[in-house]
Amino acid sequence: MNTTSLIESLTDRFPAAVTSSHAYRGDATLIVRPKSLVDVARFLKEDPALKMNYLMDLTAVDYSAFGKHPTPAFFTSSGVTVKPSSEIPDEEPWPGPPDEGRFAVVYHFFSTTHKHRLRLVVPVEESVAQVDSLTALWPGADWLEREVWDMFGIGFTGHPDLKRILMYEGFEGHPLRKDYPVKKRQPLIGPTN
Amino acid sequence: MFNDTSFLTSRLDDAVGWARKYSIFQYPFVTACCGMEYMATACSHYDVDRFGAGFPRFSPRQADVLFVVGTISHKMAPVLLRIHEQMADPKWVVAFGVCVCTGGFYDNYATVMGIDTIMPVDVYIPGCPPRPEMVLDGLMKLQDKIQDHGVSGKRVAPEPRPDLFEA
Amino acid sequence: MEKNSPSPETAPTPRGDPAELETRDMLINVGPAHPAMHGIIRIVAKLDGEQIEDAEVEIGYLHRGFEKMAETVDYNGVMPYTDRLNYVSPLINNMGYCMAVEKLLGISVPERCHYVRVILSEISRLSDHLTCVGATAMELGAFSVFLYMIKAREYLWELVEKVTGARLTVSYCRVGGVKADLPDDFAEPCRKAFEETRKVLAEADGLLTRNRIFTDRMTGTGVLSVDDAIGYGITGPFLRASGADYDVRKDCPYAVYDRIPFDVPVGSKGDNMDRYLVRMEEMQQSMRIVETALADIPPGPVMVNPETGRPIPAADMVDLAKVGDIRAISGRPAVVDPTLEGASRAEYPSIAADEKRVFLPAKEDTYGNIEGLMNHFKLVMLGHGLRPPKGEVYFPVEGANGELGFYVVSDGEGRPYRVRVRPPCFAIMSALPHLLVGGMMADMVPTFGSVNMIGGELDR
């Protein structure tokens, strides 16, 4: 299934759940309401025309500093934006991050039967910071969701054992949030900075 | 009669130093990329056994040189310190690779900026990762250091240098 | 006879029903500083006798903030960090990241560059599998196999060093190309190295594949079904040993993999032995790919252009430029670095995208004319260089452990807004408790060995 029909089949099936969709550089992307995430994911997995049997990746992006964080330089930035080459078919610009919510939880699905990929983006408000867990559908989501919790502080409802995975107990904050300073250390032993 | 400068003890120091430096029992505390170069050094091509250091001991009680190989994160630091404390004196520490020496380019929330902030280090081998030749050079420097350390006098171990970090 | 047969008085009383005996579970902690855990994994196993009832795997001891660091440097500056993800096959990481950013930019690289990248990725895959199989064998007692495998790896690293100048952390790719072309007559050292590698593989095969000690511990241990493997998101040799034939190189071909014939070995039982066999066969296929690619690679430019004369050292070129002798240096190739064979080939057009806004100009331009110098300056100054359009892309390549995907988000500035890597062994490690439970304690070692856990990639 190509990107257009992939997007269409889902927007037709879940008109209320999908808030917007785009195909940028050949990556089909759907923005999905958090409430309908599990339904959409189950449909992706079970529908014979889609058969997305892989949850390839699960991550999040903190969009709070998007476009607000110009590169510090001695001179004003004069870098030139590179135009895509003519080989790339869809030259539509990327519509930008989801409108609402500080975070976006990003899911990448893949089907070994049909060899197509799909990206689901679920916007998450900072005040809520909670999404439904996909562990019931893919056991591999377990660790990936723990990592997102560890790095971004986004919780997953229905996760069997949500705790830190890469950082240690006692570490405060979530390092991949844009407001966590890169060099803020919280050592277990030794000097602090 | 047998003060530190007497003929007998200084000969004894030489003999013990010679024996020690050619029978290094090392504990490889291998975590990251440098481990690949450590493997290359330890295997046939570069053959660390020529220096009498070919026998890794995976028990700190049986080792006298701690090779810290690869980035040490804050999560790992207590484990490393505990291993070091478990080793019997006299003991030496080799910092293998730039992450262990200074933290390298991982200057961020997760990484210890050089293990000398938490424990004493005898030999630093920089490089990301250091080439096997450089490791062998570091090993020879360590051997010199071991030779100089007498059996009669108490070894003056280097101090941890957390103050370096404050600057 | 009488002595041996116990009299009724001294005969041991028959034991009670085993179920009534008092049994206690034992918790055993393995790692993180344990040689079989490769230094950075901690497994807390609950044992019933020798059987593992429950296992908890703790990771993160090598977390060093790859994704956070990637947000603080420019697009090409991420390259050294990608080296240190899977540090046994850094060139595949380089390639994956570069192709993701190139997809974001919408540029393509010349065909020769694709071939160069493919050749080096496959050499990396070889060294990765050699290390994995060698380490597994060593942990099961076959120390000589480990020594042989590392010997073969040294030959391959010499090849890598010839091309990139470094043995391990190579930072060879650039967004829009590679750092330098292959050295002259690369096929010859390659042939020699592969000859040695094939010898080692035959030797290892003879020592391991029908070795009773090895096969008894590998066969039937750590079994994983295809459905479970897919559920956990496992890809690569680990999945293929279970019976699915998904390989990114075949199913979503990138670079020039669709033009190179090779087979994807697939196992049937999904146990440690199958994973070992799949890796052994993949090494043969990788060598086949490299040999085909070296035969098919489009020729690079001739080293010396008879019209423009011999290449001159870069330092001399600078001196000539200082005194304004532009005529003497214009259009001439520069010998950049005498120690680095790969970089002394000054002709870039065949290995880099023809896109001045992305790729550094050739050194003869940088040293020889003001346009080249300005171009170089603009690209290397912070805030002036490469700025992809706003957008997000995901690009997968076949890493040594499976699908290695890079998800890059750009906000149109000089530094990546977010770089996420999908680490293939993270998925495998998340299935490790499932693999261990029900098995014997001693099976932990071969099962963990076959995972090919690479800390830099797992913990990032």
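By written order: A, B and C. Residues from 1 in each chain.
Throughout what follows, a residue touches a chain if its C-beta (ideal position, glycine included) is under 8 Å from a C-beta of that chain, and two chains touch if they have at least 3 such contacts.
No experiment lies behind these values; they were computed from the predicted model shown.
By number of C-beta pairs in contact, A-C leads when B-C and A-C are compared.
Placing every chain at the mean of its C-alpha atoms, the farthest one from chain C is found to be B.
In terms of their C-alpha centroids, the spacing between chain A and chain B amounts to 44 Å. Averaged Cα coordinates give chain B a centre that lies 29 Å from the centre of chain C. In this assembly, the C-alpha centroid of chain A lies 25 Å from the C-alpha centroid of chain C. For chain B, the set of residues touching two or more other chains reads 75, 108-110.
Counting partner chains per residue, chain C shows two or more touched chains at residues 60, 63, 65, 68-69, 459.
In chain A, the residues that touch at least two other chains are 167-168, 175, 180, 182.
Those residues of chain B that touch chain C in the shared complex are 29-33, 35-37, 39-40, 43-45, 56, 58, 70-71, 73, 75-76, 79-80, 83, 99, 105-106, 108-111, 128-129, 131. The part of chain A that touches chain B in the complex is made up of residues 167-168, 175, 180-191, 193.
On chain A, the positions that touch chain C within their shared complex are 24-25, 27, 29, 53-57, 59, 61-62, 65-67, 69-75, 77-85, 87-88, 93-94, 96, 106, 108, 112, 115, 117, 119, 138-140, 142-144, 151, 164-168, 175-176, 180, 182.
Across the complex, chain C meets chain A through its residues 59-60, 63, 65, 67-69, 72, 74, 103-108, 228, 230-235, 244, 246, 251-252, 355, 357-358, 378, 381-394, 396, 403, 405, 407, 409, 411-415, 417-418, 420, 422, 426-427, 429-431, 434, 459-460.
Touching chain B in their complex are the following residues of chain C: 32-35, 38-40, 60-65, 68-69, 80-81, 83-84, 87-88, 131, 146-147, 150-151, 153-154, 157, 167-169, 455-456, 459.
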